[in-house]
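Handing you a structure now.
The letters A, B, C and D name the chains in turn, as written, and every chain counts its residues from 1.
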Amino acid sequence: MLIGDISPKPILYVDGVTVTFDGFRALNDLSLVIAPGEMRAIIGPNGAGKTTMMDVITGKTRPDVGTVAFNGDVDLTKMDEAAIAQLGIGRKFQKPTVFESHTVRDNLQLALAGLRKPFAVLFARETAKEKERIDELLVLTKLTEAVDRMAGDLSHGQKQWLEIGMLMAQEPALLLVDEPVAGMTDAETEETAELLVEINKTHSVVVVEHDMTFVKALGVKVTVLHEGSVLAEGPLDQVQANERVIEVYLGR
Amino acid sequence: MMRSLFLRCLRPLAAPVLAAVMAAAFVLAGLMAAAPAARADAAGDALALFASKSYDDIEKGIADLAASGHPQAIDILSALGDRRLHVAGDAIVFEDAAGTWHDALTGAALDGEPAGAKAVRANNRIRRAVDAALGQLTLMSADAGKRYDAALSVFKSRDQASLPLVRSALETEQDGKVKRALQQALAALTLYGDADETAKLEAIDVIADMGNQDALATLVGVPEPTPAMAEAISSAQDAIESSLAIWSGVQSVYYGISLGSVLLLAAIGLAITFGVMGVINMAHGEMVMIGAYTTFMVQEVIRNSAPFLFDYSLAIALPLAFLVAGAVGVAIERGIIRFLYGRPLETLLATFGLSLVLQQAVRTIFGPTNREVGNPSWMSGAFDLGGLTLTYNRMWIIVFAFVVLAILMVVLRRTAFGLQMRAVTQNRRMAGSMGIRTNWVDSLTFGLGSGVAGIAGVALSQIDNVSPNLGQGYIIDSFMVVVFGGVGNLWGTLVGALTLGITNKLLEPVAGAVLGKIIVLVALVLFIQRKPRGLFPQKGRAVER
Amino acid sequence: MITKRIFGNDRLTLWFLGILFGVLALVAVLNLATTPDSAFHVPTYAVALMGKYLCYAILALSIDLVWGYVGILSLGHGAFFALGGYAMGMYLMRQIGPRGVYGDPILPDFMVFLNWKELPWYWLGFDNFFFAMFMVALVPALLAFVFGYLAFRSRVTGVYLSIITQAMTYALLLAFFRNDMGFGGNNGLTDFKDLLGFNLQTDGMRVTLFVSSGILLAACYLLCRWITLSRFGKVLIAIRDAESRTRFMGYRVEGYKVAAFTLSGIMAGLAGALYVPQVGIINPGEFAPQNSIEAVVWVAVGGRGTLVGAAIGAIVVNLGKTLFTGWLPDLWLFALGGLFVFVTLLMPKGILGTVPQLLEMARNRRAQNAVAEKAPDAPPSADAPKGAGE
Amino acid sequence: MSTRFTKWLAGAVLGATAMVGATAGAKAEDTIKVGVLHSLSGTMAISETTLKDVMLMLIEEQNKKGGVLGMKLEPVVVDPASDWPLFAEKARELISVNKVSAVFGCWTSVSRKSVLPVFEELDSILFYPVQYEGEESSRNIFYTGAAPNQQAIPAVDYLMEEEGVERWVLAGTDYVYPRTTNKILEAYLKAKGVAADDIMINYTPFGHSDWQTIVADIKKFGSAGKKTAVVSTINGDANVPFYKELANQGIAATDIPVVAFSVGEEELAGLDTSNLVGHLAAWNYFMSVDTPENAEFIEKWQAFTENPKRVSNDPMEAHVIGFNMWVKAVEKAGTTDPDAVIDALIGVSVPNLSGGYSTMMPNHHITKPVLIGEIEADGQFNIVSQTSGLIMGDEWSDYLEGSKDLISDWRAPLSCGNFNVATGKCGGSGE
């Protein structure tokens, strides 16, 4: 039991996390609580520690001190990326990363929750259930047409969507999404916001984004990071009115 | 002077020489008015022995000549030692250092080399006899250096016949260093002669004070020690041995630093191309080789046209090697590597191919055999520091390695080029948009790394083979050093090189050279698996490309 | 029917295996069933040579599996090859029995003249063929597993991995050079007499070894093909292209890498085991880092990420080496070195990736006027990697 | 299209194979082919390239004299590239494809070991020109270099007698030749009454370049009050740094002489020898040998290589002897048929370059004089000792446990390379 009796148990509980690189404090006593089913937007200037925070949650970086707990009682600081992913935390990178020399179908197939052990995977054959799930995801990400194309040949936006589709295929309880609309057109941005809202109906989501229009479109609680710790938290308009936030971030 | 360190087993051979030279001593010291005719006869008989094929005869000739009081005995004997003494028909002739031929008996200059001249046979035994004879003949020389050498050679030969000579030399000797050497020689003579116990005990103290390997050797062999002497010897021996043990530890560390400095030199160029640019240059070793061959070319030209410059050959070779290897480096970068940025493994393969081509090219041009690169006089020999023997070439290479490192540090940190280089490394796009010509910076960086490898080649030519395979011997070690130290960090390269060098040298006496090296390699592989980014990793996000 | 089920319409595989078995059969018949003066006779010399190429092809295949599909550039695969070879060599040495020059029934000659009194413990059991064959696979597998486990667990990747694999094989090279190791030092193991009781120098035995090499090549090829086409293979490719993405998807990447690396080590070991009786010697030179790098180049030449390409690359380069070192010995290193540079610069996809492209281009040009330009078919190596394999 | 390509490739492979096979029978019988199997690239090129040139010169000379049996000789040169399995492959190619009548080649023991089964299987002839560790006698190999008793033991004798050496450092590269030679020497020295404490044995890896520690150890070992010498079986490339370190640490030949068995004129060409004067080497030939035969040979050699500074060395002489023996044997047998030539070779006697005759003995080793030379400032050797008679190569050393009872005699009826005189059987020391 990592956290006393907060109820309902938060899906993600980050408390007092500090990470230093070469004396530079990337995260400084950061604390953050995400409730089950919540969507949270995280904003902050460059170097505020957003990516490092994601790294800590997903097990890529170990915190120097602090608690990171999933579902209330699972200590994430002791686990590696694969274990955390299997727990149900999905992560989407800033730059879309899909498997470029696999087809869209294979990308989704690899992402499907389930088999992860090498030996089982070696003998795996696609089941009807898997096929069905892939078809669903293709529809969701509007990639049905492109199912047999190499992921590397997709457009930038399509890749972003494919990656989101792959995340969905993992059936995560919590989704970490890093700048999903960077480099997208306005229309695509809007569609992506809709997609995320849709996803949020069944998953908890943490979105890191710069694009204020997009954050506004999401209409959720916002956390502002600055120099590795939380500067302000609350609804977007409230945060935007915060003087310190204006000073360090929005005002410029 | 190093010669003195060894040699003590001349007793069996030396006996006849001793007898003869003893006579010589008396001749020299007492019979100044001896008839010139008798001298000439004795000298003539002695010289005649040099025509013999038997080493015994020649050895006797040396003793006889030394005893004959022949005015040119020193010249003749030196000539014999250097194989400049010849037999021409019935005459014995020699060529002096200036290249003029003389008749040995009369000393008269001859015009040119006499027909049919054949060098007098000489081997190590003859040379030793010559050294011993010359030692006695030169104890009174006007040149302090020669007197010192003579004292050392007496110390080594422990030739009892020299006793009166050494005594009288000691009386007049003014030079402190020579005087000490004479005292030590006297002590050695006393110990091995028939002096009384008190004198011998004193002598033991004198020798014990030398505190080195020679002293130990002298003490160990003392004939028929009395109980008191045996005790003195054994305590002196213990003292010397324990001090030598400490020195041998120091020596291992020094050798380690020396090996480390060689590794540092070989790796430092790589630290730039690999560490700063991230380019795997498997042809790096060939850049070193090119530097070594440049040195060879420079020396070849100097030998043929300006021999007086030989001592400066390395100074001339350094900038040339830098330029030649640097130019080749720039050509490689322009011709191959720039097409492969971001594909380090492909670069590795292409440069490996290139290394084969370069090796074969050198083999075709210069031939497969080793080429001779000489040591200038200031790189030859050794000097003693406490219980250490430091060779000049290794010492200068250590100094040189550190100087190169320091210069590179300054270039990277304090110059505009260094700044641009670091800028390009850290953020190519940004650097480009700020007006830095990234292409040029790439080429020059690679050229710099290669050029540094080239000057490493100049240094390595002083201690290793200059052959087409030169580079291959260093490539794996160089990569190990850079990876071990941490990529992109010259301090890391320094620490890495020294650590590997010293570890290797500390292991060598225990495990042997081969096993030592294997242990170091395995330890290194395991270390990299513990700390994949080396001793001094670059930290932060920038690294994770 | 069955072929259809296994291979689908992978014509490259069918052609490859077809030609391979065709050559095996033809060479076997032409060597054994014709007299030496017949115009159709394939000399034993050529049989041994081709057998060697086939072993190299297996080695290339094993490298391609980890480099082409997982992005692990091993510059130390020669070590696995050599270890397999040594295990086989030890069996063959024990087979010599009392026929060594000193006539010692147990000890190999080199032990006799170094005054060894008894067989070191690690030589025990090698007189048994099945034990030896087990070791042929086990020793390289063990090394690959331990090395891979340590390296991949601590996430040593890219050039760092390449450099430490090189250090690994270099350390083994030095170790096997030592006479005290009990593997014959620099001379290695040689002067083999027979295998399973059959004289190694008969034509029949040479053909048998040659055919075995061919069969092993086919088997390894099919195994690799099956693996790379399975979902496991897709994970491998995923790791090659985006390792951390794969990790964040919940795959424990190091497990996959170790598995592939170990399998690859075993294949290399088997290749080495068949290589030794055909060339008649195994010595520490096989551990030389240069050999391993050369083997990587075969793969690059043939086309990495394409299994057939790897095999073809090994055969073509070695055929070239044989011919060159006979015709123009001085130029061989220029040619080999030049090939490295040429392939990496101008043919990054290797023969199997480039030649069809060129053919396609030529055909398109010819057809240019007649028909509207159509997008070129993906070459069979379309799954060849795009980026570097770090 | 890939299939078409594969087809093409398969055709190419088959074609090449067939070609290799076909050339075998095609050549007419108008020349006698002689194989030259020396590395022209790789690490051994440094030593072996010279021997290839010598062979080409000898063949050219012989052709000027009208060839052999009225036919011209044709050299077939291949490059085994310092790659030992490739030696076997190339040997096979020379014999079965090029149909050479004899092969002159190899340098390292491992290359010889690699080709030995090939020569025995295909029944051909190899002349091996380099000093080696012995412990071998094949029907198909003729060893024209020195066996340990023709080099190492006389050198040690010389040092004992002439220099009064009592303490010995046996330093070598860790491979078979030094190991065996040092084993033999150790046994020999002990038999001569040298205490175990007075022998130091040291092995280093190939290409060892940092000799500081070892030279310092030698120096220490040498200052124990007894005359000390180093017997060096250090191989090729490692010698230059070794001698440089010796010279720099001031070890003069008058203090601790070093006698080497692998350092000849070629190796010294890469060194400034002025600090090495007096260190020794033991060979069966030196360039400085003062005989008319040698003068003539050197003149031809320098003319052939168009290099007036080109040096000659011992393995070159071995090839000269071997080649002349082969020519004589072929003429004696009247055919190049290997079996006939192998039989004819035994007993053939040809002049060597040091003023005597070398004879091929029934054990396929030859008789040679042993010369001890001291290094001179010009990179040549000053010959300080020469055995009065010729010494016969002893393939099975009497100083090794495993081989003391073995002899080799390839004459009928014994015709055995490892006859055990204790058991009276051919086939080593086993039952």
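Going forward, a residue touches a chain if its C-beta (ideal position, glycine included) is under 8 Å from a C-beta of that chain, and two chains touch if they have at least 3 such contacts.
Predicted, not measured: the structure shown is a model, and the values here were computed from it.
Any chain that touches chain A and also touches chain B is listed here: C. Taking each chain's centre as the mean of its C-alpha atoms, the one that lies farthest from the centre of chain B is A. Interface comparison, B-D against A-C: more C-beta pairs in contact at B-D. Averaged Cα coordinates give chain A a centre that lies 72 Å from the centre of chain D. For the pair chain B and chain D, the distance between mean C-alpha positions equals 31 Å.
Between chain A and chain C the centroid-to-centroid distance comes to 43 Å (mean Cα coordinates, whole Å).
Averaging Cα coordinates per chain places chain C and chain D 34 Å apart.
For chain C, the set of residues that touch two or more other chains comprises 174, 177-178, 330, 333.
Of all residues in chain D, those touching 2 or more other chains are 40-41, 174, 203, 205, listed in ascending order. Counting partner chains per residue, chain B shows two or more touched chains at residues 360, 514, 517. Those residues of chain C whose C-beta lies close enough to touch chain B in the complex are 73, 147, 150-151, 153-160, 162-164, 166-168, 170-171, 174-175, 177-178, 289, 293, 296-297, 300, 330, 333-334, 336-341, 343-345, 348, 387-390. Within the complex formed with chain D, the residues of chain B that make contact are 1-3, 5-9, 12-13, 55, 82-83, 119, 121-125, 127-128, 131, 213-214, 216-218, 220-221, 251-252, 255, 258-259, 262, 360, 363, 367-372, 374-375, 380-382, 389, 391-394, 462-469, 473, 505, 508-509, 512-514, 517.
On chain C, the positions that touch chain A within their shared complex are 227, 230-232, 234-235, 237-238, 241-242, 244-253, 255-256, 259, 382-386.
Within the complex formed with chain D, the chain C residues making contact are 11-12, 15-16, 19, 22-23, 26-27, 37, 39, 41-46, 48-50, 52, 98-105, 109-110, 112-115, 174, 177-179, 185-188, 190-192, 201, 279-281, 283, 285, 308, 312, 315-316, 319, 322-323, 325-326, 329-330, 332-333, 351-352, 355-356, 359-360, 363, 379-380. By the touch criterion given at the top, residues 40-41, 43, 45-46, 49-50, 162-164, 166, 174, 202-205, 207-210, 212-214, 216-217, 219-220, 222-228, 237, 240-241, 244-245, 247-257, 266-267, 269-272, 275, 278, 374, 376-377, 382, 384-385 of chain D touch chain B in their complex.
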